Every structure is written in C-alpha cells, then in structure tokens.
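These notes open a run of structures that come right after.
Both complexes shown next keep chain A, but they swap its partner, so chain B is in the first and chain C is in the second.
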Partner chain A sequence: MDYYADIAVQILFLIMLGASLNLLMGYAGELSMAHATFYGVGAYTAGLLTLPVATEAIAAASSRGVAGGAGWDIGPALLVAIGVSFVVALLLALPALSRVRGEYLVLLTLAFQTVANQLMGSADSVTGGAYGLTPIPPAELFGLSLGMPTQAFWLLLPCTVIVVAVCFGIGESPFGRLLKGLREQELAVKAVGKDTVVPKLVVFGLAAGIAGFAGALNASYYQFIAPGTYDLNLSILVIAIVIIGGVSNLTGTIIGAILLGSLRPILQEVAGDNAIAWQAVIYGLLLVLIIRFRPFGLVPEGTSMLRLFRRGGLEPAVAGASSGVKSVTAVAPSIPELPPTPGASTAAAPPRTDAVVLSEPVVVTDPSPVLEVRNLSKRFRGLQAVDDVSFDLERGKITSLIGPNGAGKTTIFNLLTHVITPDTGTVTLNGEDISGLSPHRIAKRGMARSFQDGRLFERLTAVENVMLAVPGNSGENLALLATRPMHCRARDHEARELALEALGFVGMRAQAGTVVADLSFGDQKLVAIARLLATECDVLLLDEPTSGVDPGAVEGVIEVVRGLRDAGKTVCLVEHSVHMVGQLADRGIFLDQGRKLAEGTLEELMGQKHLTEIYFGA
Partner chain B sequence: MLETTTHPPAGPTGTALLTVDGIAADYGKRRVLHDVSLRVDPGEIVSVLGHNGAGKTTMLKAIFGAMPLRAGSVSFDGQPMAGWNTTTCVRSGISFTPAEAPIFRELTIGENLELGAFTVGDAAVQEQRLARVHHMFPLLKERAGEQAGTLSGGQQRTLSIGLALMSGARLMLLDEPSLGIAPSLVQDLFARIRELSDSEGLGVVLVEQNVRAALPIADRVYYMRAGRMILEETAEESSRRSDWWELF
Partner chain C sequence: MDATIISPVAAASFELFRQLAVDGVVLGTVYALLGVSFTVIYSTTGIFHFAHGVAYVVAAYVAILAADTLGLPWIAAAVVGIAAAAAIGILVEVGAYRPMRRAGATALGVFITALGISIAVPNLIQILFGPNNKTFVELSPATIELGTVTFTTLDIARVVISWVLIAAVLFALRRTKWGLATAAVRMNRNMAAAVGIDPDRVHVLVFGVGSTLMGIAGILFLLNGNATPTMAASPMLIAFIAAFLGGIGSIGGAAVGGLALGLVTSLSGLWVASDYQPVIAFAALFVLLVIRPQGMFGRRAA
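Then we have the complex of A and B:
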C-alpha cells in the first residue's frame, strides 16, 4: 500500500512542479532549465530550518556534514523556503530578463542548475554534501504525518490543489494575459505601453517560489535530502511534463505528470533493471510523437477547464452579427477616459488630452504641432539610413512619409518609438522631450505605432489582443491582483468593454471572441488598429495599414483610418502605394536615402520635377 | 478610371511565349497576387512596373514555380506549366534572375557560367553557348578566373545575364536588374538586353522600379498596384506620360 501511496505522492510533487513551471513556460514563454534547483533550494532551506538543534552528543557523534539545524516548525520554514527560492530566482533572472532575449535565460538557468547541484553536493558544512541532510522531522497536521506515505497523500493533495488553483488563477488573470502577450510578441507589448521586464521577473520568481514550497514539503516527506534528487534530469522531466501535457494548460500538466510519474514504477515492474534505459527511450518517443501529432500538447491551449465549464460566460457577448467595416459610423462608440489607477504605476503619466469621443467629429483648435522631430539621424554601419530629418506632425491631420525603397520610412518609425536608438536628434511629444524614453514609456506618453506585419498576439482572441492595450488595467499588476481582487475584476471588465468598443470602431466586434490566428489578414490589420486605438494614444503611427489587405476590404481600412483622424487622432503613416497615400493623407513628407527632400500636400509634392525623377528614375 | 486587363488578348503572332492567366498567390494567410494576367511574345520585352510591395517579384516567383499558385494558370510556349518546379522551368528555357545576389560571388566568373549550364548535359552545346557569351561579353572571358565578387555592380549584372544565356533561356525573368548600378551603366545593360531580344527572339519580363530606364527598351508595359494588374499599355503610350504618380 505504501508503495503505491509513494508513487501517488511523487506524482503530486510533479504536478506542483509542472503547474508552476507551466506558468513560466506556457504563459510567459520563458524556458527555465533550473526548476529542480529551486525545488532543491526550498528543500534545503526547510530542511536546515526544521532539523533539530544539535546536542553535544549528536555533534560529537557526527564526524562530517551538518549536525543540526534551527529546530523550527514546518509552518514558518515553508514560508521562508518560498521566500528564499523567490529571491534566489530574482537575483538569477535579473541580468537575463532585463535583456530582451529569452535564449540567455535558457543558458543561464542551465549553468545555474549544474553549478547549484554541484554546490549542494560539495558544500558539506551547509548541505551535508553527498550525505545529505537527515533526519528532518516530518510535519504533522490533523493527526496525519507527512512521514507516512498514505497519510502524506491526504496532506499533500489539498496542497497540490491549492498550488494548481493559484497557478490557474494567475494564468487566467489579466496578469496571465499580459504574460501570454509577452510570449507572443514582446515588442508589441512594449508598443502598447506596457512594461515587459517586471512581469517577466515576477513570474520567474513566482514559479521558483512555488517550486520552493513543493521542495520544503518534499524534504519533510522523505526526512532526508540529497543533491541527486534536484538534478538536471528532474528539470528536464518537468519540462517534458509541461510540453507533453500542453503549454499554458494546467489540465494537460496534471495529465502529463500522472503519465510520466507512473511510467518509472510501471517500467520497474516490467523491465526490472533496464527500467532507466527504457524510460529514456519512451520519453524520447513520446516527445517526438507529441511534437509530430499534437504540437501544442495533449491538451492544447484554449481547452482549459474554464472554457469547458463556463462556455459563453467567458466569451464576449456577440452583439449583432454585423461584420466587415461598413458599420464604422453606425457602431461608433465612445471610449471614456479611465479613472486614474491607484498605485499602478510610479511613473505617473502626464495628463492626456480629454476623453476621446469617437462618435462626434473632434474640432481641433490647438494649432501647435503635437509631435516635433528635430535633426534625427541614424547610421547602420556604412549606410546613413536617416540623415538629419526634421518635421512636425500637425494635430488632427494625417501625414504620410513617402519615398522610394530604402528611403528610411520605417526606420523613422522605429526611431520615433525608440525601438532603435537614434544617433542624434530629439523627439518632442506635446511639448515634452521623449527622446530617451523606452518604447513602453513613449506609448504611455501618448504615441503608439502599428507594425507592417501586424504583430498581433496570435493565440489570443481579438478582444484579448485589444484588452492588452487598454492602459491601467490593475489586474496586470500581481500585487494588486492579490490584494484587491474585486477591484481588479471590475477594472478588467471595464477593459473588456473598452476593447469591445474599439473593435466596434473598426467593425470587428462580431469577431471579438475569435482567436486572431484564425482571422483573415485584412481582419487582423483591423484588430491591430483597434489595439492601437485602445492605447488611448493621441499620436498613431501606422506602418502600411493596407498592404496585404484584400482589395475588397481596403476601402474599409481607409475609412477606419479617416475615422481615426475625425476622432481627433494625429496619424502618421507609411504606405508604398502613392495611390493609397493620395486617398488618405492630408500632407506628405518626401524622403530619399534617409533625407527629407520636401513636404507639402500630395499635389505639391507630385508636381515637383526632381521628386518625380527620384521616384521613377532620371 | 484605369482599365484592368483580366484576360490577355491573343498574341499577334499566334502562340505567345508566356501566358499568365488570372493567377493568385499567398504568403501564409496574406494574398499577395490577385487575378494577375500577362503575356509575352517571342522577341518582346514586357516591363512590369509598380510601387514597392505591389507584388512584382512575387509574380516572377509564381511564374517560375518557386511558389504555389492559388488560382489561375501559366503556360510556356503553349504548354501548360501546371506542376512545373524551378528545375523544369530552367530545363524548358525559362531563367529567373533575382534582384539581389543574382550571381555566386564566391565562385569565379568561369565557374558561374559553368553553373549556368548546369542543366545542359551536352558538352558541345555548353561550349557553343560559352563561346557565344564570351563573344557578347568579352570581359567575362578576360576575367574568367577571377572571383565574381570582385566585379563591379554593373559587371555582376552582365554576368547574371550571361548565366541566364548559358542555361539556354528563351524567356528571361529579370527582377530589377538596375538595382545598385550607376545610371549610365543601366542604359548600357538595357541596350544589350534589347539587342539580345531582337537578335535571338528572346522574351523578357523586366520588373523595374526605374521607370525611365525601362520604358525605352520595352515593347509593352504592365502596371501593378497592391497585388493587381491595373493597366496594360504600349511602352510608347507610357513614355508620353509626364509622370506616373497615378499608377503608383
């Protein structure tokens, strides 16, 4: 009986590890090779804290290693274990995650896993070295002892349920949505004005903290810990559980943990001493088969428990089956200004211009340029991509950057939004110098850009894509989510309403619940515009809004862009088709080889002989 | 309003060399060619013009079997090209010269030309073609042992034409041959292409951004915008325009 109970207990530990890693790997898309180490950090922390205080006799009897611990109760030890794992993870991730590339994290965690495991085995005076720590007293609660497998199962089951529930709650919260956004398109998250570093750090620390919690329980269960338990093999096993079960899906993780957790004992029955060799073969085969036939795991994303149980309740109300963009003016909603978010951001955004009411044309009275660009330059190796360019964007107008291939149009967008750092030049938005600000701060100040290739969050629904752009959604802050859940819930509801209105503006409300990857390219472009609109920015930079859009749908996009201007937005666009620019832009800025050659109305520009020669050859 | 040619009129000389009829092509979900039609007769240079991103290169790739057709058909010399891949195209006498990296820079000029005749089994035919290319472009003979990357931009373009000739092309698909070379050299290069077309009955699809250079050597011109053919006219008609803004 104890044999089977032990297997079940091991599966519970795997579920806790898998669920927490899935938060990091599945939702945030960051791979950690050191999950077993954080499990171990929790185990050693709790072990050292709960070991009885050494008596003279024990100390004399033990010739090596750790003779005694702090003699704490399991309760406080658990909390400290969580804390230590969390802090160690933060310290580790800080250099990797503040950089952009996720690959660094994989390498760093792999190195950390190896080094930390070595340390556990060699730091005799702290960890007991290869001899490990023992005897750790088993925790007892309600008369059940964690030291007895059958009783431990009933103690650990609720713990596992809590861990899964916490992971699920976080994953399906606005914070989880933000993580998914990071996984899909990090640059796009920045472009809608959201910080990307803090959420990544937090989720990394959180996953490690949960692993530490499981580790502390593990130490108490076995009453003995040794470095071999927390090695790279375990890290890889947990990764395999997440992949096989299905990323960002905890039901899948549970199934994966049961599957892989019961494999070893079954093999031991069947194959005896060869069990480990068979296990490796079967893991390999399983991974290959899963990747080949079920690339998103046994239970793919989107088939979550929530969806299964609350279908309809979760989906946005699909009001009116009006599709396409014909209904732009009819639907035209109002996007009211959001009340300020208490404590959501330390960098208080400057006051925006008043609430944008899209249903009524906005009469622009302020004559000062909303954006002033001065002496902008950028050199890529030998190529002067942008050369001393200065221009203004007039409030409430559509200005287009025009020029032949390689004129530097898209580069200027990248410089304005600080995706690329300019060599020289200043950018002033509403009188404030924004030159040195990071992309997400620029978006918070009121200027956002779209991308030629859309850069939508493909595996999220249209409405989720747009919700991610709504500023000040408290639930994206994990601290607020934990302390003020009802407030966050209300704010997320508001964000959904705003997102639906923005989708209505581009005529995509009926497709709000559709996963973006399933939309046509033209519809995706419209969702991208809705996402831009939801940022509540005044200055919108559109990179090729009509390219790749079905000819039948182009008119709709044009109408939407005009609608943006009529709503008081300042629009700057890059389009290769002069014909399209002619239909949209009030003014044009003509660029060639990175330099500004002229600006004026389209007629004025096209009338200039030297511009014609540049465009069509001399 | 501009006319849209959806079906190519029958060629004046009977069988057209290349007939493209209502083709469509996608990049992933994104349809980049819509109902594109075009005709090239033997000895004719047809220029395809349009704004950046209009689908000109994609059209060449679709003709050349380098990307799948989602609709429509292409035929070469009266033969339907359904199921042809790039190798079939080259063996049948179609060459494609990309806008960027049209030659093998790390190889010698001689090796480049040899590779051009990769699909030709007959050594005698290879010799004959090489002699012809050397006759037309003596420079390629003089510097045969040098690395192709050491040639100037204009000379590299010349070599790319040589490569196409070595394959025995009767139809050349040229993607922006003027890219990155000096204006005076563009005129020289284009004059040689015209000569070839006249003397050998070579059909050419000339995709260009440089409208003013392309028009003098072209017979007919197609304009593309946002993945569609928006106008077909003679090069003469096109040259009479003062500018082409309304077409771009």
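Then we have the complex of A and C:
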C-alpha cells in the first residue's frame, strides 16, 4: 500500500510543479530550465529551518555536513520557503526578462540550474553536500503525518488542489489574459499601453514560489534532501509534462503528470536499474513527437472540461447583436470614460479631451495641434529612412501620410511610438515632450498605433483582444487581484462591456467570441481598430487599415475611420489607396525617400504635377 | 568544468598566477572551440541547438566502440567518432528540425524538439553502454616545465589544433563560395533562396561543420578523460555561455568569449575554491547580461 501511496505522492508533486511551470510556459510563453532548482531552494530552505537545533549528541552522531537547523514549525518554514524561492527567481530573471530575446532566459535559467545544483552538492556547510540534510521532521496536521506515504497522500492532495486552483484562477484572470497577450504579441501589448516587464517578472517569481512550496513539502515528506533530486533532468521532466499535457491547460498538465509519473514505477518492473534512463528516453522522444504532430499537447488550450466552470463564458453578451451590419452609425454605441483608476499611473497622465461620446459628433474648439513632430530623423546603416521631418496633427482631424513605397511612413509611426529610437527630433503630445518615453507609456499618454499586419493576439477571442487594450483593468495587477477580487471582477466586467461596445463600433460585435485566427483578414483589421479604440487614446495612428481588405469591405473601414474622427479622435493614417485618402483625409503630408515634400489638402497635393509623378511614377 | 584541468588552490602568488594563466589559456581554448561550434550553427540558422552536446557524446562513444570492436588505431577511431558526430548533427537537422520548420513551428517548438533529443540520446547511450566511465586511449604526454609553470604536450596539441580549426572556419566563411552562401542565408534567408542558394543545404553544411567541431572537442577531451553518458552536459553549457558572452552570432566573438571565460574561471582559483569555480562562469554570464546585453562583440538589436 505504501508503495502505491508513494507513487501517488510523487505524482502530486509533479502536478504542483507542472501547474506552476505551465503558468510561466503556457500562459506567458517563457521557458524556464531551472524549475527543479526552485523546487530545491524551497526544500533546502524548509529543511534548514525545520531541522532540530543541533545538540552535542547529534553533532557527534553526524560525521559530516549540517548537524542542525533552526527547529522551526513547518508552517512558517513553508512561508519562508515560498518567499525565498520567489525572491531568488526575481533576482535571476531581472536581467533576462527586461531584454527582448527569449534565449536569454533559457540560457540564464539553464546556467543557474547547473550551477545551483553543483553548489547544493559542494557547499557542505550549508546544504550538507552530497550527504544532504537529514532527519527533517515530517509535518503533522489533523493527526496525519507527512512522513507516512498513505497519510501524506491525504495531506498533500488538498495542497495540490489548492495549487492547481490558484494557478487556474491566475491563468484565467485578467492577469492571465495579459500573460497570453505577451505570449502572442509582446509589441502589441506595449502598443496598447501595458507594461510588459513587471507581469513577466511576477509570473516568473510566482511559478518559482509555488515550486518552492512544493519543495518544502517534499523535504518534509522524504525527511531527507540531497542534490540529485533537483537536477536538470527533473526540470526537463516538468517541461515535458507541460508540453505533453498541453500548454496553458491545467487539465492537460494533470494528465501529463500522471502519465509520466506512473511511467517510472512501471519501468522499474520491466527495466530494473535502467528505469530512470528509459524514462528519460521515452519522455525525450515523446517531446519530439508531440511537438511535431500535436504541438498544443494532448489536451489543447480551450478544450478543457474545466471550461464549463468558467464564469460568465464568452457568448451571452453577444447574442442580441448579431445583425452583422457594417454600417457603423447604426450600431455605434457610446463608450463612457472609465472612472479614474485608483493608484494606477493615470494620475500622472495629462487630462484627455472631454468624455468621448462616439454617437455624437464632437465639435473640437481647441485650435492648438495635439501632436507636434519636429526634425525627426532616422538612419539605418546606409539608408536615411526619415530625414528631418516636421509636422503637426490637428485636433479632431484626419491627417494622412502619403507617398510611394519606402517613403518612410511606417518608420515615422515606429519613431513616434518609440518602437524605434530616432536619431534626432522631438515629439510633443498635448504640450508634453514624449520623445524618450517607452512605447507603453506613450500609449498611456494618449497616443496609440495599429500595425500593418494587425498583430492581434491570434489565439485569443476578438473580445479578449480588445479587452486587453482597455486601460485600468485592475485584475491585470496581481496584487489587486489577490486583495480586491470582487473589485477586479467588476472592473473586468466593465472592460468586457467597453470592449463589446468598441467591437460594436466597428461592426464586429457578433464575432466577439470568435478566436481571432479564425476571422477573415478584413475582420481582423476591424478588430485591430476596435482594440485601438479601446485604449481610449485621443491620437490614433492607423497603419494601412485597408491593405489586404477585400474591396467590398473597404467602405466599411472608411466609415469606421470617419466615425473615429466624428467622435473627436485625432487620426493619422498611412495609406496607399488614394481613393481612401481622398474619401477620408482632411490633410495630407507628402513624403518621398524620408523627406517631407509638401503638406496640404489632397486636392492641393494632387494638383502638383511633380508629386503625382513621384506617386504614380512619371 | 573539469576539476582535473584546474589546479588546486594554493597561496596566492605570482607563480600561481602564471600557472593559472597558462591553465586558463588551455581551458579557454577548449571553451573557444565549443563556443565556435555552437555559433557556426546558431548564427546562420537562428536555431538554439540545445541538442548540440549529442555530437560530443556520440563522437566519444563511437570512437571507443571503433577502437574496441574494430581494433582500429586510436587516431583512426577518433576520425570515425568525429564523422559520426557530423552525421548525428546533420541527422538532427534533417530528421527533426527541418520537418518542424516545414510545419511552421515557432522557435520555442524547435527548441522543445532539441530538448527532447538532448535528453533522449545520452540516456539511450547509458542503456546501451552502461553508466560507468569508459577510457579511449592511454596517452602519456610529456610534461614541460618553464620555470615554475608546467604543462603537457597534450595541452599544446589541444591549443594548436583548436585555434587552427577556429581560424580555418573563419577563413572558410569569409573566403569560400560556401562561406558566402552561409553569410547570405544568415542575412536574409528568403533573399538567399531567391538568388539560387538553397537554405536547406546551407543548414546541412553548418550543422555538419558545427557538429564536427563539437565532435573534435569531445575527442580532445577523451585523450585524457573518461567517457560517461552525461559527459556533454557541462561542455554544452559552456558552448552556450561562450557564444552569448562573445555576442550572439559572432564567430570570432564566441572564440574570444570562450577564451575569456576559461581565463576568468582559471584565474578565479586565486581567490575561490575549485568547488565554487562553476559559479564564476555563471557570474560572468549574469554580469555581462546586466551591463552589456548584446555580448562583448555583439551589435545591439535595432
């Protein structure tokens, strides 16, 4: 009986490790090679804290290593173990996660795993070296002892359920949605005004903290810890559990943990001494095959049975709005301003134009330009992509950047939103110099951009895409999510309503529950505009909103963009279609080879022969 | 980080410093070869070839097998081992990475494939050959004493062979037709394909070259070390770190990165017990990531 209970307990540990790593890998899309180390950090921390205080008798009996610990109870030791793992993870990830390349985190965690594991074996005075720490007193609760496999199972089962529930709750919260956004399109998350570094750090620390919790329980269960348990092989085994089960899907992780966790005892019967090696060969090959033929794992994202328990669901709010009308004015609802967000950085932002009510034309009286661009230049090696360009955007007007391919139009957008750093030049938004700000801060100040290729979060639904852009959604902050869950729920509900209204504005409300990858390209462009609208920015930069859209749908896009202006937004377009520009733009700025050649109404510009020659080719 | 290469710590003195510096050059040379072998592949294909260590361990075991069962002289057996390393590298590219690319896999997907291979192969070797040490050849290199500094003829051979190989790779990449094709694929894969260069063949080439170098590193280790199924774990990590220290994608940078890493690791013996020397490599990586994320010689991404 104890034999089977021990196997079951091992599987519970694997589930805890897998669920926490899935939060990082599945939701945030970041790979850690050091999950076993954080498990070990928790184990050693709890081990050292709960070992009885050394007495002379113990010291005499122990020939090597650590003779005693702090003699704490398991409760506080668990908390400290979580905290230590969390902090160590944050320190480790800080340099890697603030960089762009995913390889850095892989490399750094791999190096950390290897080195930390060697240290566990060599730092005799702290870890007991190869001899490890023993005898760690097993925790007891409700008369059950963690030292007895059968009893331990009944103690660890609720712990595992709690861990899975916490991971599930976080994964399916607004914070989890933000993580998925990071996984799909990090640049787009910045472009809608959300910080990307803090959420990644938090989830990395959180996954490590949960692993530390499991490690502390592990130390108490085995009453003995040694470095061999927390090696790279375990890290890879946990990765295999997540991949094989299915990323961002905890049901899959549980199945994966049961599959791989029961593999070893079975192999023990068949292969004897080689069981561990066979286990590694099997899950290694499974990894190769699964990622090739079933890349989303045995249980792909979104097919979980647990989805049934998901609150609210996606569809109900949409049911009545399926008229499919593309005529914007018919469905345009009002998007009220959100109340100010407590504690969020909106306090620092300058006041925006008055409450935006999209259904009524807004008369803009303030004559000062909302955006002033001065002497913007950027050189890429031999190519002067943008050359000393200056212009203003007038409030409440549609301005179009016109010019042949290679004129530098998209580059200007990238410079304005600081996706690329300009060589020279200043950008002033509402009188404030925003030149040096990071992309997400610029969006928070009130200027957001769309992308030629959409850059939607492909595996999320249309409404989730737009919700991610709604500012001040408290549930995206994990601290608020934990301390004020009801408030966060209410705010997320508001965000959903706002997102549905924005989708309604572009005539996409009926498709709110559709995964974006399943939408036509034209519909994706509309979702992108809805996402832009949901940022509540006053200045919207649209990069070729009609490119790739089939001709029948172009009129719909034109209506939508006009609707944006009528709602008081300042719009700047990059557009190739002269038809579209003629229909829409109040003003045009003509660019060629990075320089501004002329500025004026479209008639004025097209009346100049040399410009039309450049544009259409002489 | 093989403790046998690193001298034990004695009192910090100038003699010790000189000895550690010489040891560091020998160690750093090995590291440079490892770093270059990885970067040849990574810089051109963009694949984080986590299964790179497979070439190292396969070269060693095939060489031992060739010597033991075929009775080949050790140099011939070494050549067979190195050829096997090249073959396994190309096999991984053609049999695993290429189908993933064709299926439109992400970088993470390809990495997971590599991870699976890197865990399956050494364990398969353990099942076939057992977990214990295997010896290849009993060389008895002469010891050379220059004042208080000592090193062996084997050390000299390692340094010379490694740097000749690194120089040859750098030369071939800059001066030969295949090298230019490689550069073309590195800069713009689609454009290279458009002008008639087959990127898949270039991939095979760089996987072949990179795995050959890794296989040679494995054999060089075997000349006074033992083979174990997990022997590639540490060199693989060193290869990655050297490559990233030098600057991603720069082959010369990887060579200098490896040399610097070896020197720093060895010289840290002045202050740090050898048990803790692995920490030095990690610390070097960590510090460089903080202060110069593009690597010593890398360009900052736009």
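Methods note: the second predicted complex is superposed on the first by the 583 of 618 C-alpha atoms of A that agree within 3 Å, B and C clash if a C-alpha of one lies under 4 Å from a C-alpha of the other, contacts with A are read in each partner's own complex, and residues count from 1 in each chain.
Going forward, a contact is a pair of C-beta atoms (placed from the backbone, for glycine too) under 8 Å apart; a residue touches a chain by one contact, two chains touch by 3 or more.
Quick caveat: nothing in here was measured; it's all calculated off a predicted structure.
> Given the alignment on chain A, is it a clash or a fit between chain B and chain C?
fit
> Check whether chain B or chain C contacts more residues of chain A in the superposed model.
C
> Is A:Val115 in contact with chain B, with chain C, with both, or with neither (first, second, both, neither)?
second
> If you stack the two complexes on chain A, which partner ends up touching A:Asn274: first (chain B), second (chain C), both, or neither?
It touches chain C, and chain B stays clear.
> In the superposed arrangement, which partner chain does A:Phe380 touch: chain B (first), chain C (second), both, or neither?
second
> Mind computing the angle chain B to chain A to chain C from the CA centres, in steps of 10 degrees?
It works out to roughly 70 degrees.
> In the superposition described above, what is the shortest C-alpha distance between chain B and chain C in Å? Please give a whole number.
Value for chain B versus chain C, nearest C-alpha atoms: 5 Å.
> What part of chain B is in contact with chain A in the complex they form?
These residues of chain B touch chain A: 27-32, 34, 51-54, 178, 183, 209-214, 225-228, 243-248.
> Under the definition above, what is the set of chain C residues touching chain A in their complex?
Going by the criterion above, the answer is residues 48, 96, 99-100, 103, 105, 107-109, 111-113, 115-121, 123-124, 126-127, 131, 229, 233-234, 237, 240-241, 244, 248, 275-276, 278-279, 281-282, 285-286, 289-290, 293, 301-302.
> Chain C touches which residues of chain A in the complex?
These residues of chain A touch chain C: 29, 31, 95-96, 99-104, 106-108, 110-112, 114-115, 118-119, 122-123, 232-233, 236, 239-240, 243, 274, 276-278, 280-281, 283-288, 291-292, 295, 380, 420.
> Okay, in this complex, where on chain A does chain B touch?
It comes out as residues 404-405, 520-521, 524, 544, 546-548, 550-551, 554, 576-580, 582, 606, 612-613, 615-618.
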